[in-house]
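Just below sit the structures, each encoded as structure tokens.
You will see subunit A twice below: alongside subunit B first, and alongside subunit C after that.
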Partner chain A sequence: MAILDSAQPRKREKNLLKRFLAGPLPWITPMLVLIFGIVLWPVYEMVRTSTLDIGGSGAVRGSAGFANYLELFENPNLAGAVSRTFFWVISVVAITIFISLFLAQLLNAKFPGRRFVRYALIVPWAASVIMTATSFRWMLDGYYGIINRILLDLGFISEPIEWLGNADTSFPWLIIVAVFVSLPFTTFVILAGLQTIPNEVYEAARVDGSSSRKTYFSITLPLLRNSLFIASVINLINVFNQFPIIWVMTGGGPGYTTDTTTTLMYKLAFRSQDIGVSASLSVVNFAIVLIFVLIYIRASGFGRKED
Partner chain B sequence: MAILQSKPETREGNRRKAVRAQNGKTAVLTVTGFAVAFMFLLPYIRMMLTAVTPADEVYQIPADYIPSSFEWQNFITVWESAPIMQYLINTLIIAGAATIIVLLVSVPAAYYLARFRFRTRNLVLLLVLATQMFAPTSMVIGIYREMMTLGLVNTYLALILVNAGFYLAFSVWILSGFFASIPYEVEEAAMIDGCSKLSVLWRITLPLSLPGLVTAIIFTFITAWNEFVVALTLTSSPDIRPLTVGITNFIGLYEVQWHYVFATSLIAIVPVVVLFIAIEKWLVSGLTAGSIK
Partner chain C sequence: MAKKSLRRGAALALSGLLAAGALAGCAAESAEETSSGSSGSTGSEAQTIRMVAAQYTDDMQPYYDDLVERFEADNPDITVEVEVVSWNDIDQKLKTMVQTGDLPDIGNLNYFSSFAADGLLYRADELIPAETLDDMVETFIENSKYEGVAYAVPDLASARLFFYNVDIFEQAGLTKDDIVTWDGLQAAAEKIAATVPDVTPLALPLGPEEAQAEFLIWAASNDGGYYQDGEWTITSDANVETAEYLQGLVDAGLTNPAPATFNRTDGAFALFAQGQAAMLNGAIFLPSVLEEQGSTINYDVAPFPTNRADGESITLGVQDYFFGFKNEGETNKEAIQKFMSFLFEADNYAGFLEAAGGFLPATKSAGESLSSDETLAPYIAVLPNAVFYPGTEASWPAVQGELQQTIGLAVEPGADIQAILEGVASQAE
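Showing the complex of A and B:
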């Protein structure tokens, strides 16, 4: 009897173990640990740090309440950085989408060497943005840069220009480089969208005597709506978070004249040693990214499924 | 009669015109295509030319289009003049370890998410999607504070974990897509033969999903290879600094040796581009999968 009694719980334990192993936990727990530990914990740390009074050495001196936020809003460089960030994100994404529509159309057409063009387009996507931006910085150098040489030879400028020396000339170049590195991904997303449009749709349009321009605007573009939306939201997030280009080419300078809120956040923490104020700006930044993420999630159908 | 006869003629003429128009169109497309390709390669062509420029010609005013001679030697001397080897080893360690962790974590998760429905499945998918969208850049202060708390600032482990955590999602989407495309009957047959769920995954499902696995490995590796902001924030010693941060350190010096900077850049870029081209077909689906699920 005693033997039977002791065997009973062990059997149940075994069943439990079996059920546990058959369930989702052993399969997805490692992933959840990584997500919570690496992606979500920093969110908590960020919010907490924004309410702490932290000295230059990193030592916590106590709670700061909302003092960091108040100090942030009094920062003389914030207003400029915020309006510049708006301009930066909207212009880079809009120009990228516009050019990508052409590039996708080009890559969707048949011509000799198309494969080579596709591969060329992948290079800026695969290469580190740091290195691409470094090359642009070198090409834009006022004395030794090739871009001044080209523009001088073509007669567009009469004397060399120190492009990255002040914000009026450097910010447009930052936008160009950001567009340059965003084009490959965007083009490939739109191209994937183009390739899902069945050929019959175009044939039907041709039979109906629709001109190719009319076909593009009344058939192709509406059918690309989904791809365009995905590309836009992902680009909005990426461009908002774009750090390396600005960091390498101007460092946000001279002064703070080419900073976005992302580079300003970094400078506050690691140049001015204002970890608390920087954390409050990163909370604001993160909240903005979160809005884009929610739009994306909503559009992807998660919300509807759970209703 | 006259009308009937003229008809085939115009049809013939139309076809000829159409062929000519087609040829003209192809020519325009080809020229545009190569012009576009050239534009996209331009910064890298300049990189290449600078990398092989003789040292005394780098600071030429105005810049030359092409150097007077190609110093391929630069690619060799660069190894001796800077801690490139160390940076490269650091990058390999960080990207390699992050890739291994991503695989170990995402293969079982992707498999379960693709095969089984459970109550919190949607919530888990949502978390994965969120990880993909939260870039480490906007959270770098939080990451820094977390690693301070854990005492991991300036360690490989911190960089490995952050890369693994943030670049996990792509792998989950790609793999679960591949796993879901394998008919369940194939696995069932193996299970009837006495295989456990784990050995089915190992012996049947994974080999059948090889392209997905390769894509996940390459993508994770490259993203970690190119990572910059977290490495910039969390490393203070050259001993663990990856190449991306190392390069910007060259530029901080008072006289930049651009030919070395770009020789190093090319060493970092070329293998990555080749790998990326190999997985091109799957990239878009992995990066946008969350929105289609």
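Showing the complex of A and C:
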């Protein structure tokens, strides 16, 4: 009896192990470990941190409940940063997509030296964003900047302008730089989309006597929908989380006048020494990105075509 | 074929699992190592203490390497690991260590009060022996107190003076005596603007890098400041007046155009090094910066122009700290004390100052032996009139962060000075 008792479970165990090894689990376990370790666990930690009372030294003093969130919503710089973030994301993504549509069309056309133009477009992508931002920061400098030099020599301005000295001039430049670094990726996604459109469709349109404008709007654009969707969503997330350009060029300054929620989050943690409040902004940021993406998915009707 | 690829797949999955396991193992192991390292018993058992030290210059690491080697030779049961971290990262690094509970044993930073407020630190008298403590300059020990108890010891200090370009002054027909007061400074700046039009008369770096220091020098020269007589005085009339005075200079085009984004190192120091700025608030280490940049300008130092009722000129003293973190059971106390007192032995401390490059010593004995040094003498002379950051207040780091962000905006023409100062004051608890 005793022997049977102990032998049976062992046998069952062995069977279980066999079943486990034969099933899909061993193959997906590393992936699951990665997802839990690298994606879900940090999210959990972020949310947990946002409910902790953390001292200026970094020491955890206990639970704060929702106090960090309340403090965050009372922050006088939050409203400006949030509206600026929306403006920043929407304008950068919209301008990027718009210019990329032209660039992709150009790169899709056959012309001598096309290969080199395609290579050249990769440069802003290949260069480190920090390097690009640093270059622009010094090109725009009021004392040594080359942009002032050129404008002065051409007679457009009569005295040097401190471009990054106030938000009215620095924020447009931040947008320009963000567009500049986003163009290559977006253009190549759209270019890839253009190349998937079969030639026969165009031939048919030509036979039917469609004008080139009509062809573009009723054939090319609709067939680019998937590429445009992917390009926009990825840009949306990237631009929203964009930190180095703003940090290097203006540091969110002067004051808080060029901060987005991403740079404000950093300042709350490392300037205002308030890690808890910063974590709560990071949770809010996470929610905003999710909302951005969900709205976009709905609006674009992506995923509905499978039905 | 299919079977082969299946087997390969299994091997791949297995190796993935193994790797994950190994990673977890590593993490567990290192956690064990640190905890055993800092919680070793006070007996003769081997003990490891870790120090996070500030990188004043590139000579710090070699200095500590040598120091630790000699210390370990004398104390075979103690191992010291010193990590020298750049100023850009050290604040964040220490804070992350505190937050994750992976405390070092000794820290070295420009503030300590928030660590003391959270009860993480040993008292200064537990950190170094009484005779070393007695040798410390009193003002510096005063600045190391949190709620009346010293929780840190000064490692070194710096002081600041006004720097001016001698050649530009000659061209404009000015001398050192013309810039004793604020009125004199303004008149001198106007004269420079009129006679040497291509240079910026006064470099005013109120960008985030060091705005808290720059503004405090001006404010204290006007009987103002951030914290006076046991109270936060950020919104005081003297501070408002200070901002108004600077605003006037900016408005008249006597400074760089956008002070709020103009940083000290790449802005003001660089401009002065190129001979494009006539005057600026400099520091004891500015000469070495100028030398490093290959600057050939002819400069001299003067006391800060003043607008104080007593007519005296102030300086800003900045001190950094050593402090010791308690561990569980406070078993690391003895080892920390041994290492700190070894570091403060006369020869070792002289080496420390030399490696850090041109700072003022924190001990009286080292001060005496350096007072004959010609380059340091003017700074040692102004130290009795030094104002300091309210580093003993736990909320100072947050106030400093807000000052760095916003005080520059207060000197821009048309700024709402009162509102900006109130915003800063809201960070003071």
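Brief remarks on what is shown
The rule we apply is simple: the second predicted complex is superposed on the first by the 268 of 307 C-alpha atoms of A that agree within 3 Å, B and C clash if a C-alpha of one lies under 4 Å from a C-alpha of the other, contacts with A are read in each partner's own complex, and residues count from 1 in each chain.
We adopt the following convention: a contact is a pair of C-beta atoms (placed from the backbone, for glycine too) under 8 Å apart; a residue touches a chain by one contact, two chains touch by 3 or more.
Being a predicted model, the structure only gives us computed values, none of them experimental.
Of the two partner chains placed by superposition, subunit B and subunit C are both touched by A:F270. Look at A:Y143: by the touch rule set out above, it reaches both subunit B and subunit C.
Once the two complexes are overlaid on the shared chain, A:R61 sits against subunit C while remaining clear of subunit B.
Put subunit B and subunit C next to each other and count what each touches on subunit A; the higher total goes to B. Of the two partner chains, neither subunit B nor subunit C is touched by A:Y202. Judged by the touch definition given at the top, the superposed model places A:W27 against both subunit B and subunit C. Once chain A of one complex is fitted onto chain A of the other, the partner contacts of A:W41 are limited to subunit B, with no touch recorded for subunit C.
When the shared chain is aligned, subunit C comes close enough to touch A:E162, but subunit B does not. Looking at the shared chain after the overlay, A:Y216 reaches neither subunit B nor subunit C.
Shared contact residues of subunit A, touching subunit B in one structure and subunit C in the other: 26-27, 30, 37, 58, 143, 270, 275. Across the interface of their complex, subunit A is touched by residues 26, 29-30, 32-34, 36-38, 40-41, 43-44, 46-47, 50, 58-65, 101, 104-106, 108-109, 111-113, 116, 118, 120-122, 124-131, 133-135, 137-146, 148-149, 161-162, 164-166, 168, 172, 197, 222, 225-226, 228-229, 233, 244, 247-248, 251, 258, 261-262, 265, 268-269, 272-273, 275-277, 280, 283-285, 287-288, 290-293 of subunit B.
Residues 22-24, 26-28, 30-32, 34-35, 37-39, 41-46, 48-49, 58, 103, 106, 109-114, 116-132, 134-139, 143-146, 148-149, 152, 160, 180, 183-185, 188-189, 191-192, 230, 234, 237-238, 240-244, 247-248, 262, 265-266, 269-270, 275, 278-279, 282, 285-286, 289, 292-293, 296-297, 299-302, 305-306 of subunit A touch subunit B in their complex. Against subunit C, in their complex, subunit A makes its touches with residues 26-27, 29-30, 33, 37, 54-61, 76, 142-143, 162, 164-166, 250-256, 267, 270-275.
Only residues 9-10, 13-14, 16-17, 19-20, 91-92, 94-99, 114-115, 117-118, 120, 207-208, 256-258, 260-261, 271, 276, 394-395, 397-398, 401-402, 404-406, 408-409, 412, 423, 427 of subunit C touch subunit A when the two sit together in their complex.
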